[in-house]
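Should a chain be cited, it is by its letter among A, B and C, assigned in written order, with residues numbered from 1 in that chain.
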Amino acid sequence: MKIKGWKEIMPGGLVTEPGSSVTYETGTWRSSRPTIDKERCTHCLLCWVFCPDGSIVVRDSKVVGIDLKHCKGCGICANECPRHAITMVDEIKARVEEGLS
Amino acid sequence: MSNVIQQVKGKVVALEGDYAIAEALRQINPDVMAAYPITPQTEIVQKFSEFYAEGVVDTEFVPVESEHAALSTCVGASAAGARAMTATCGAGLALMWEILWCASGLRLPIVMAVVNRSLSAPLNILTDQTDEMATRDAGWVQLYAESHQEAYDNIIQAVRIAEHPDVMLPTMCGMAGFVLGHALGQLELLPDEAVRKFVHIYHPHYSLLDTDCPVTFGAFDHWDYFFPHKRQQWEGLNNALRVIPEIGEEFGRLTGRYYGLVEPYMLDDAEVAIVIIGSAAGATRVAIDEMRAEGIKVGMLKVRCYRPFPADAIAEALQGRKAVAVLDRTSCMGGEGSPLFTEICSALYNRNIAMKIISYTYGLGGYDTIPEEFCQVYRNLLQIAQGGKIEPIHRFLSLPERGES
Amino acid sequence: MAIKLTDICNKEEKLASGHRGCIGCAETIIVRQVMAAIDGPVVVASPTGCLEIITTPFPTTAWRVPWIHNAFENSSSTLAGAETAYRSLVKQGKIEDKGLKFVVFGGDGATYDIGLQFISGVIERGHRLLYVCLNNEAYMNTGIQRSSATPLGAWTTTTPVGKAVPGKIQPRKNLIAIVAAHNIPYAAQAAPHAWRDLMTKVQKAIAIDGPSVIDVLSPCARGWRHSTNETIAISRLSAETGAWPLYEVDHGKWKLNYNPVPRKPVIEWLKAQGRFSHLLQPGNEHIVEEFQQQIDKQWAELESMSQ
């Protein structure tokens, strides 16, 4: 990102764009990624409430996926899922399988 | 708009300096006042507490548990878009130290009265300017008062200076403890309405209370943006060099009392001059009048605004003097003279103005200084001007090595 | 009415993704839970610390609510200033009363140590704000130095395990007892695994017209030396062993909110964390024993006060 000059930035360290941290993709930190077995998931939402990164995507109170741009792969969701519906898989392998590597 | 200002007639009263400040605070009627009592500032807080208790101000008064909390509370209140004020001195100002930088770095226009007091140890509650001058680099605008009237007037102008969109920086107003703070002095109080109209209502650009447009105050800067933010802050403080005289001019049209960055006294034709800050300028005037009566051409430059440093105004005023003594009432240890002295030397040097210039430290911790001692300074300067010995460059005014028996 | 995840999960997150929290950080879990529990507009302050650094690297912010950082020790006073400003401006009719709520999120260093005087002042003066301590039991932002919230026996970088001294030799300070001694309307201990208990406490606290403090245990994978996926499991174990009792002091009434029967021995909590690994070595049994005795004593007190 281009560093702005002193006349171009907000004074006093003000940030006027709320939630602008989303532009920073912490998903690149991940060494393993959660995958959800949709058959087993009961949408209890414990993964959502225990996620440090707000990366469990929920729509109409249902778990619909993982925000891989920001999920850091801590594995708390997999550890806490009462139905063992979430598995952590190796990130490199997952990318190879996705053809993204 | 400023052209239509009508001069108003105030009420002439006799007040202690602390009460004069409290009256100014009452008339400004800030949204939030957070303060902690400390000698010799205590009477400001006491008096303002009375105003609060009687309901004559709209202010929410927060009687905090320390000066550090006082300024911290003001930072939160100011970020929330309130006009926030406080008062302190000496050790209290020292305890605020860290937050002085936060307030200026966050660009919050807090106004603070400082009833100048020495710093321990040894414990001493009397006046010098060590407390405020030690905060020189904290990024606040600094004004100092010579008299009760100036102390009162400065606080009112400080609100406008701090909140000026080109400045947006906290401002402190110094006044000598006891000498002004506890002594009765005559001054003219403006009508309440005139003060309220002069300071008008504060409209912040951003507020912590605006939940529709949420703003993050005090984000953390890495190497990439800290320096740029400091550069901006520098710009804001330098802008005050223009804004302070503008506000002083407007205030003058309202009151007949005009203010600038510096104030000369009998300086135009003076061969030698004293440069001084604060209440001792009064004793210097007496000395000047005595010597002028004898036909000796001496003068004074009083520095009202110490930060930002008015280098141009000082150099211009001192140009043509043969010898100058800069008198500092601060125990700045180990320098080549005292802080005002070194900075004036720098201002003169950079403008190719050559003159003999010496530094005096005087009056620390309330050590009394009388007009005759300023006369002696002038006599020394006249000798130096005529080719006499300039050394020592840094001197201690009227401080005998041994007492008289 | 019991809080249901299905009701709160559709609200906009007040803490956006992209923050730089360590992998498996409990602090951001707690912040998400607290913010999800509060309805209506909120203003937040944070002292210097992990949360501040990870959420606001200029020119971006993870906050979708107004937020302020002033310094390390004074977030309570700073937010009290904003709260005072709000009262003043509303009273004068300069702004409208939107029922704003005020929340501080501060680490244990900022709360137990350097900021304690400020918090005491804010409580004594009755400012209307909720102070949430994100208690990871040490100065984690600067690299795991001990605080007065660090438990007995714990290794930190300033209580290293040596031949002469086996980690921290003092038990942690009892913050809630100190806070409760101010006759505060509401104070509690909570932990993120017990999300409903935590959110219920937040809702009780935020509804009060006065100060409240919730001390939330915040397991730290880096500092406690556990795996990143165990954050919530360790939190759970802390409650099950009584190492971190979940209780509240509601208008002077003490209440244990969770009373496991049987209570697991503290050794189970200790052995799950690398910071206590030396306590499992021969010769250090007495420290474990002392730790257990302290828990038993505190538990008995809590049970008796909860009567």
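Quick notes on this one:
To be clear about the criterion, a residue touches a chain if its C-beta (ideal position, glycine included) is under 8 Å from a C-beta of that chain, and two chains touch if they have at least 3 such contacts.
Keep in mind that this is a model prediction, so the values were computed, not measured.
If you draw each protein chain as a dot and join the dots that touch, every dot ends up joined to every other dot. If you compare A-C with A-B, the chain pair joined by more contacting C-beta pairs is A-C. We define each chain's centre as the mean of its Cα atoms; on that basis subunit B and subunit C are separated by 43 Å.
The centroid of the Cα atoms in subunit A and the matching centroid in subunit C are 24 Å apart.
Taking each chain's centre as the average of its CA atoms, subunit A and subunit B sit 53 Å apart.
Under the contact definition stated at the top, the residues of subunit A that touch 2 or more other chains are 4, 9, 13, 15, 18. Shared interface positions of subunit C, defined as residues touching 2 or more other chains, are 56, 58-61, 63-65. For subunit B, the set of residues touching two or more other chains reads 106, 214-221, 225.
Residues of subunit A that touch subunit B in their complex: 3-7, 9, 11-16, 18.
Only residues 31-32, 34, 58-60, 62-66, 68-69, 72-82, 84, 98-99, 102, 106, 201, 207-211, 214-222, 225 of subunit B touch subunit C when the two sit together in their complex. Within the complex, the subunit C residues that touch subunit A are 5-7, 9-10, 13, 15-21, 23-29, 32-33, 36, 55-56, 58-65, 192-193, 195, 221, 227-233. Residue ranges of subunit B in contact with subunit A, taken from their complex: 105-108, 168, 206, 213-221, 224-225, 227-229, 231-233, 236. Residues 4, 9-10, 13, 15, 17-26, 29, 43-46, 48-55, 58-61, 67, 69-70, 72-76, 78-80, 88 of subunit A are the ones touching subunit C in the complex.
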